[in-house]
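Look at the two complexes coming up: chain A is in both, with chain B in one and chain C in the other.
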Partner chain A sequence: MAVLSISATDSAKDSERPSPVWTRWLDLSDRAMAVLLLLPAAVLLALIIVYPIGRLVYTSFFNLSLTSGLPAEFVGLENYRIMLDDPVFWETTWNTVLITLITVPGALLLGLGLALLANLPFAMQWPVRLSLLIPWALPLSFAGLIFAWFFHYEYGVVNDVLNRLGFEGIIWFNSPNWAFAAICLTIIWKTSSFMALIILAGLQTIPRSLYEAADVDGAGRLRQFFEITLPLLKPAIVVALIFRTITALQTFDIPYMMTGGGPGSSTATLAMYIHQNTVSFLDLGYGSALAVVMFILSMGVTAIYLRIIRTKEA
Partner chain B sequence: MNALVSSGPAQLLSGKPLRFIAAGILLINGLFPALWILFTSLKTEGELTAKPITWVPHAPTLANYAQAFSDQPLHLFLFNSFMVALLSTCLTLLISVLAAYALARLNLRYRGAILSVIVAVSTFPLVTLLVPLFEIMRALNLLNTWIALILPYTVLSLPVCTLILVSFFEGIPRDLENAAMIDGCTRLGALFKVVVPLSAPGVFTAGILAFVNAWDEFLLALSFNSNPTLRTLPVGIQLYQGEFAFPWPVISAALVVGIVPVAILIVIFQERVVSGLTAGGIKG
Partner chain C sequence: MASVSLRKLDKKYGSLQVVKGIDLEIADGEFVVLVGPSGCGKSTTLRMVAGLETITAGEVRIGERVVNKLPPRERDIAMVFQDYALYPHKTVHENMSFSLKVRGVSAAETGTRVAEAAEMLGISHLLERRPGQLSGGQRQRVAMGRAIVRRPQVFLFDEPLSNLDAKLRGQVRTEIKRLHQTIGTTIIYVTHDQVEAMTLADRIVILRGGDIEQVGTPDEVYNRPQSIFVGGFVGAPAMNFAKAKVVGDALVFGGGNTLPVSAVELGRSSAIDGRELIVGIRPEHFTAAGGADGSLSAEVQVIEPLGSDTLVHFTVGSEAMTARMPPNFRPKPGTQFRLGIDPAKIRLFDVASERAIN
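Entry: the complex of A and B
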């Protein structure tokens, strides 16, 4: 609550009412202090986020290609019009949405399963915890490379297991569908550990007594899961889901490392297309317009997120 | 009767064999990829291309590690990654300690709005700012410097670190701080001499998260630092692939070298990392 130093409360007791000048001075100092403390963060956010957003929107109205050597030319909404007719834009956007729709629920299911297993009463907790933390800490780009090796046609362990089980090995990265499947599996594996850690923390806050009471009432394990565990996990799951959705919309590292977007652009994501237009083609105008679309997409999800948090607090 | 029926499956679910299987699934799921890369890194090119493929290397060799360091300046990649992660972690901690103190202790009128901004920034897609950040770094002559990465990485971790620190600061009794101030400490002095030391676990947790975030980042590092001697590890590791050749044992060796530092960090500080993740995730 209100922050008052001890001397202030003392002086308030001395006189009948607190001196208005004294209080105002305290308020001012509090506020000045707050401004001072928040200033570094504000300056950094202004430099790295706010100003760039403005510049991004501005550039998206220009024809600015560093390869042409021509000065920037104002073209209004031309970049956005080009985008509507650009099949690669639609393909990469669709891929991004599809990856989100497949890997977010996939990671949730795998993460929930892992969390339920990890919540069993093990004698030693640290190996279990480690088995969830190592995948979480593994860089996405490393995961992409490792799984590209897993799915290697000739020497990959996935095809080796398939062969041992009597199936033909799959040429994963030559077909758009198999390549897409390999990428989705990799993302699900990589991101499920974060889900599992969040859900596990939620599981550990559920009081044991609830289950004991349900046992007494004769509710089976399955019913206990659906009527106690899942409802109580819901807040943790919702937050984890939204975080995952937003990061899934930004998918870049894993497909970049595994397929480079190929064959063709069948596994390229919107983030990869932005990167390609910006860094490879140096077409900053079009790259900016693409980024504006992605910005709007993810801000939409963030708005939903903020709303859920607010209603939770209320 | 009911008690008997429900204790059957209950016993099965918490029984020893099931726990054994569960531990097996968890360990294989979590550690197999890293283990497989370790095995690959110890194989000779000859063993690698033998069919059917071997799992555990027959004649383990460290030659791939030597080659990983001689083919590319792997020590520079490690150094760059380490310095960028370390410096951005220090900067993140400094800025978020100040901001978190203001949010936890001072009576801010716009506290709710500021917290919303922090949450919004925590989900911000930095990839969308690739073009403007690229232009800004170029205008400031910062491309191919550590600073070009340190500043965005600080923003990347600032929200989660601030949220973790706010919750820790709120748990420190005000009396301790007031006592320090009566003893002649300034407010900032009390922050750094009383509040921060008492919140050491929180500061540590936030620091580890910031370090891992920076260590893992790929896209900005790929786009801003094209100078070979300034590449970070995730970007540098790509350089091992030739146009047609993919020297998997050497790449694997480089990957192992890149995984080990963070793995050590995780093994030592696992409990703090877990508490930080859940605090940032659920509270956020």
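Entry: the complex of A and C
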């Protein structure tokens, strides 16, 4: 008791003593302190994310073309109305969606296969895992260039293999469908290593004893894959899918390097169309409106995935 | 239910031999505990019985079948793992019924067996939960439940209590023993904890460096350890060891202490006359007798009152020893006192081989 009363008087004395001026502003409520500490990050985020997006939406309501020499003119939703009547917008959007629908599951399956292989217990694990990194580490445009050569009609390795197997070589980039297929294959090759890395990390979190328990329980390899591996990989797969889908919706470099969008605009993506309007045609108003649509598309997909994760957790 | 026999069982990892020709016959319905320090090969031996490790040489039989080449699922065993190895995405019911589902047991039969096992273990109210929502003790019970519903020939336990706190460990230990009394299935149980081994086992197998050091009932292992290692490993506080010389019918300790011992108690007394031996004495085999015969003169170092009894740490000559004395026995540290020994209870070990000679 004596000890308690002494410390009580001590703290009473402490509170009477005026604190130095420079520390007084620290005597804030927890809430105010939290806001204060978050402020620098919030300001930074506002400058580099919120402002550009706001500016983009704002610009999309103007007729602003740097080639016309005219000042920006507020046109409301006119850019969006033009978009609805623009066949190239529809074609490039459809191409983007198609690339997403083909390459995301494709990369997932290939990535899952690679991850399962890399996770097998064998002696030379690290070189294999390192080589998984290579496609991922390669710049996108570089991968596009390499594969443009692979699919070259005369000098490409793909046609060479086809010839050796007794097939006719394909003029890949002259046909909309073959060009599209070549681009999808390239994207799958380029992105499956990223999927494999995330899934491999997920695989390594599954304890070995679960498989031993399943061995004792009597489950064969296939059953173990579907009853243990796949359900426990779900979180890793969802994360990989979110990242992959968003980047697929923004596909630009690989078709840009391989076909430039051709033949016609049959392999052009929405991102390429945005680039064409803003950088080549300097039509900032229309380009911004297109970019807003792509932003909404990405947000929509992310929201759907997040909803799926949340219902899974619940 | 089935017997298990291990014959000349070897396990090598490259040039490292971790199990060295183990021979062991386990009777049908017996509870056998493999115990020993880390790296003694006890878990490896168990995993070879389970089929989770390949067998380098020798033979494992379950019942009449040699199971060396059979995968775990065909050995008719169930195993409880140290980390429980419950499927985190399945409910308790799904965890317990998984092996039955895989084997195509009917839903009705599965339901009955799971309900029975859950009832036995007191986890009926947890069947719809996932492992992540359970405490350590509850998970442990689910892991046992998963093994029970299988109705296997043999249960294998791999250090099942080492992830539990001390209090829970004691509680679950009792439950495992009760479980064995109820269902009577053969159990092979691995632990590094000699208390678990003593309390649970019908027979204890003490392993050291991949070899069997001694096999026996808990009483045999405790009262008649066949080596210094076993004497030191089983029992807490450990057996006391002190060097002494056989002179006629007496053991002469350091500091001039002499203990008269009959020829019968010494075993082959004539052969060991004049030899130096290591004497093993359990702490509770000392008595606070004051007589000059059959007693040692000791100097008290530290006393530890435990309530139920008092541990007295003392020295005889240069040898440090511990005695378990009655609770009211409280000599002062630094003082000399006399301790009696029951000569029938002492163990004598050869200095070189460290094996018992009586």
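Definition applied: the second predicted complex is superposed on the first by the 259 of 314 C-alpha atoms of A that agree within 3 Å, B and C clash if a C-alpha of one lies under 4 Å from a C-alpha of the other, contacts with A are read in each partner's own complex, and residues count from 1 in each chain.
Just so we're on the same page, a contact is a pair of C-beta atoms (placed from the backbone, for glycine too) under 8 Å apart; a residue touches a chain by one contact, two chains touch by 3 or more.
It should be emphasised that the depicted structure is a prediction, and the values quoted were computed from it without experimental measurement.
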Chain B versus chain C as contact partner of A:226, first or second or both or neither: neither
Partner chain in contact with A:213 - chain B first, chain C second, else both or neither: second
Touched partner set for A:45, first chain B, second chain C, both or neither: first
Dominant contact partner of chain A by residue count, chain C or chain B: B
A:298 touches, of chain B and chain C: first, second, both or neither? first
First, second, both or neither for A:90, with chain B first and chain C second: neither
First (chain B), second (chain C), both or neither touched by A:134: first
First (chain B), second (chain C), both or neither touched by A:163: first
Overlap of chain C and chain B interfaces on chain A (superposed complexes): 215-219
Footprint of chain A on chain C - complex, ascending: 50-52, 71-73, 77-79, 81-83, 85-89, 98-99, 102-103, 146, 150
Chain B-touching residues of chain A, taken from the complex the two chains share: 1-3, 5-6, 30-31, 33-34, 37-38, 40-41, 44-45, 47-49, 51-53, 55-56, 59, 114, 117-118, 120-122, 126-143, 145-147, 149-150, 152, 154-155, 157, 160, 163, 189, 193-194, 197-198, 201-202, 215-221, 235-236, 239-240, 242-243, 246, 249-250, 252-253, 256-257, 271, 274-275, 278-279, 284, 287-288, 291-292, 294-295, 298-299, 301-302, 305-306, 309
Complex contact set, residues of chain A against chain C: 207, 209-210, 212-219, 223, 227-228, 231-232
Contact set on chain B toward chain A in their complex: 2-3, 5-7, 9-10, 13-14, 18-19, 22-23, 25-27, 29-31, 33-34, 36-37, 40, 48-49, 51-53, 55, 94-96, 98-99, 101-102, 105-108, 114, 116-117, 119-121, 123-136, 151-152, 154-155, 158, 162, 174, 178, 181-182, 187, 212, 215-216, 218-219, 222-223, 233-234, 237-238, 248, 251-252, 255, 258-259, 262-263, 265-267, 270-271, 273-274, 277-278, 281-282, 284
